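I've put the structures underneath this note.
Both complexes below contain chain A, partnered by chain B and then by chain C.
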Partner chain A sequence: MEELLRQTQERWFVFLEKLEVRMGEMCNAAIPELKAIFKEDQDPYKRAHGRMLAGLLGQLRRMQDQANEVKEDKILGLIYSSGVFTSNDFREACFNRHYAFEKRCHDYTSLLREAAGQQDLEAFYQEQLASFALIKDQFTCKQCGGKIAISKMFFIATYVTCLYCQTQNTFMPSSGAQMVLHNARSLAEQRTAHLLKIYEERQPKDPALYQQYLRAMFDQWNQITPDMEEENEKFYLRLLKDNSINHL
Partner chain B sequence: MSNNPLLEPIHGISLEDYSAACAKLGSGLSEEAIAKVLGVELPVWQEANLLWPERMKQDQTYEIMTLFGQYFAQAGQHPKFSNAVNGGAEDAGYTAQIKADKDFYQELEVARNVAYEYGLDGAQWIADKYGITLGDFQIAASKWNTQIHAEIQADFQEYTQKQDAYNAKYRQMFASAQGGNVADDITF
Partner chain C sequence: MAEEEKKKTLTYVEKLKQQALSQTNYGGEIPDKAARMEIRDCPNCSAGRAYRDGLTNCAYCGFRFMDSKLTDGIHIKKDNNS
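Coming up: the complex of A and B.
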């Protein structure tokens, strides 16, 4: 029995090590690709990057499945079949090795998820502001051809009235401007991430710090999309209320 | 009838209208076509489209979200939209099947998720292979979710066995199509 346990443990260790080596090879080869795809992908939702990442994470999960199946069959199977004859050393060594393998999977998962970094929403927003500055005086009335100055950045189709003939025109924002609305909260969160970090790192949790973060985040959000301020503030009050309940 | 003031229509667009419109957007109807069916101009639709999600965010009771799901699942019966897509034709083929056959929906839901795990666009895979649009898939999801949830509560083991079988089937299928998994050659 001792010899069987020794051999099984050795094979288990070798098996997991091989999986870890393969995992390392796959991730190390993929990370530069992930970064490049994220950078080059013109799709604002970065779907090509998302699909590649999902595929890699799927392969990591398959390796975890492989390890779990072998653990169930060969390690637990041996423990159950030999009953009291299995030493605690065998059990502990095999479980600890599997724990280390799982931790490695977790680390590689984080590495892949974080490889591309965050989308620079600030740069995108500034680009859209600059683009808007260029086109805001180029809109003309469909009826009389008079110039219509667009007073501010609109994010959805909006009626604008011609000052000369009072005709109602429809201003269609660019797809970039529409994305500003879509990204507004994320950009506000990026701008105030340092305040959230302070709240998250403080132990015990301090509700005042969360409120400070939330107010700052909504101030930024309102600054990016001023037309949404009224609605945003209603949402802010709801989050504040939810948060006070959670901190009771 | 609920007294929730957040359920008041926005520019004449009710929650039923909005939910059906979202379902049809998912099936490929354009925003311009949606606005036309609802009898409003594009800016009016877009503002309603902006404000209904805001109402959902404000609603602590989740009533709007719940009703949205119900109306979304019944989008095919919405009087304004029933004739707007496919000239009012009934669902056919797999699109009809996924709305009538819960097991078929559950299998395709697993297939879609496994496709994503193999780096594919799962929703697109369903559309290509079965001709089921994202909107119709979501309508089926809204229709079956409550029943599936009840079945999980009643018999969790049976549910997981079925899911495991679907997972195994599609993992094998997608892996074979890609020449296997990265570590298939590593054995105990």
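Coming up: the complex of A and C.
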């Protein structure tokens, strides 16, 4: 019995080590490629990068599944079949090794997710503000040719009334301006990332710090897209409530 | 053996990258369009669309631009129904 346990444990360790080696090789090769694809990808949503990342994460999950299947079959199977005869040392060693493997999977997952870094949304936003300032007085009414000044930056299509003939012109913002609405929350999060870091690093977690971060983030968000303030406030209260539930 | 294994992994990652790049985006590419002004003339009387008691009917001849009822949105509100 002792011999069987020793052999099973050895095979389990070798198996997990092989998986870890494969995982390490794949991730080390993939990280520079992920950075390159993120840089090359012209799509505003970086979908090619997203597809590659999803493929890699799928591979990691497949390895975790393989480890779980073998654990279920060989380790737990042996423990259940031999009952009281399995030593605690065997269980502990096998489970701890699996825990270390899972932790490594988790670390590689974070590495892959963070490999490409973040888009510089602040620069993009400032660029859009500057280009709007250039074009805002250049529009004319399509019906009578009268000048139309766009009062503020719009992020979705809106009606603008011509002061001369009262015709409703539809103002369609540029693709870049529409992306500002899409990126507004991410930009606000980038601006307030230091506050989130303070909250995450403090142990035990302090709800007051989370509220401070959330308020600052939503203030930034509302500043970028003021039209959404009312909706955003409801979302703020919900996030705050969700967080307070976790602290009970 | 280790070299061969490494080559295999690299090939896999490269293949994945090629696939990710060659796959067409759902909904097609997103063209970068400049801001523009558009207008809808009334198909019945050719007048420009003006606000009278709302935006769903032509202000001059009463032609119905749309059958759906407007609800409150960011810029369009319920009271824009004619």
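What we mean here is this: the second predicted complex is superposed on the first by the 206 of 248 C-alpha atoms of A that agree within 3 Å, B and C clash if a C-alpha of one lies under 4 Å from a C-alpha of the other, contacts with A are read in each partner's own complex, and residues count from 1 in each chain.
One rule holds for everything that comes next: contacts are C-beta pairs under 8 Å (C-beta built on N, C-alpha and C of every residue); 3 or more make two chains touch, one makes a residue touch a chain.
Please read all numbers here as calculations on a predicted model, not as lab measurements.
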Clash or fit, chain B versus chain C on superposed chain A: clash
First (chain B), second (chain C), both or neither touched by A:Met63: first
Partner chain in contact with A:Tyr99 - chain B first, chain C second, else both or neither: neither
Touching partner for A:Ala30 - first (chain B), second (chain C), both, neither: second
Which of chain B and chain C A:Ile135 touches, first, second, both or neither: second
Touched partner set for A:Met52, first chain B, second chain C, both or neither: both
First (chain B), second (chain C), both or neither touched by A:Pro44: second
Chain B versus chain C as contact partner of A:Ser175, first or second or both or neither: second
Touching partner for A:Gln166 - first (chain B), second (chain C), both, neither: second
Which of chain B and chain C A:Arg22 touches, first, second, both or neither: both
Comparing the two partners chain B and chain C, which touches a greater set of residues in chain A: C
Set intersection of chain A contacts, chain C complex versus chain B complex: 22, 26, 47, 51-52, 55-56, 156, 158-159, 170, 228
Interface residues, chain A side, partner chain B - complex: 11-12, 15, 18-19, 22-23, 26, 47, 51-52, 54-59, 61-63, 66, 70, 74, 156-159, 170, 181, 228, 231, 234-235, 238, 241-242
Residues of chain C defined as touching chain A within the complex: 5-6, 9-10, 12-14, 16-17, 19-21, 23, 25, 29-41, 48-51, 55, 59, 74-76
Chain B - residues contacting chain A, complex: 41-43, 46-47, 49-51, 54, 57-58, 60, 116-121, 171, 175, 181-183, 186-188
In the complex, chain A residues that touch chain C: 22, 25-26, 29-30, 33, 37, 40, 43-45, 47-49, 51-52, 55-56, 132, 135, 139-144, 148, 154, 156, 158-162, 165-177, 227-228
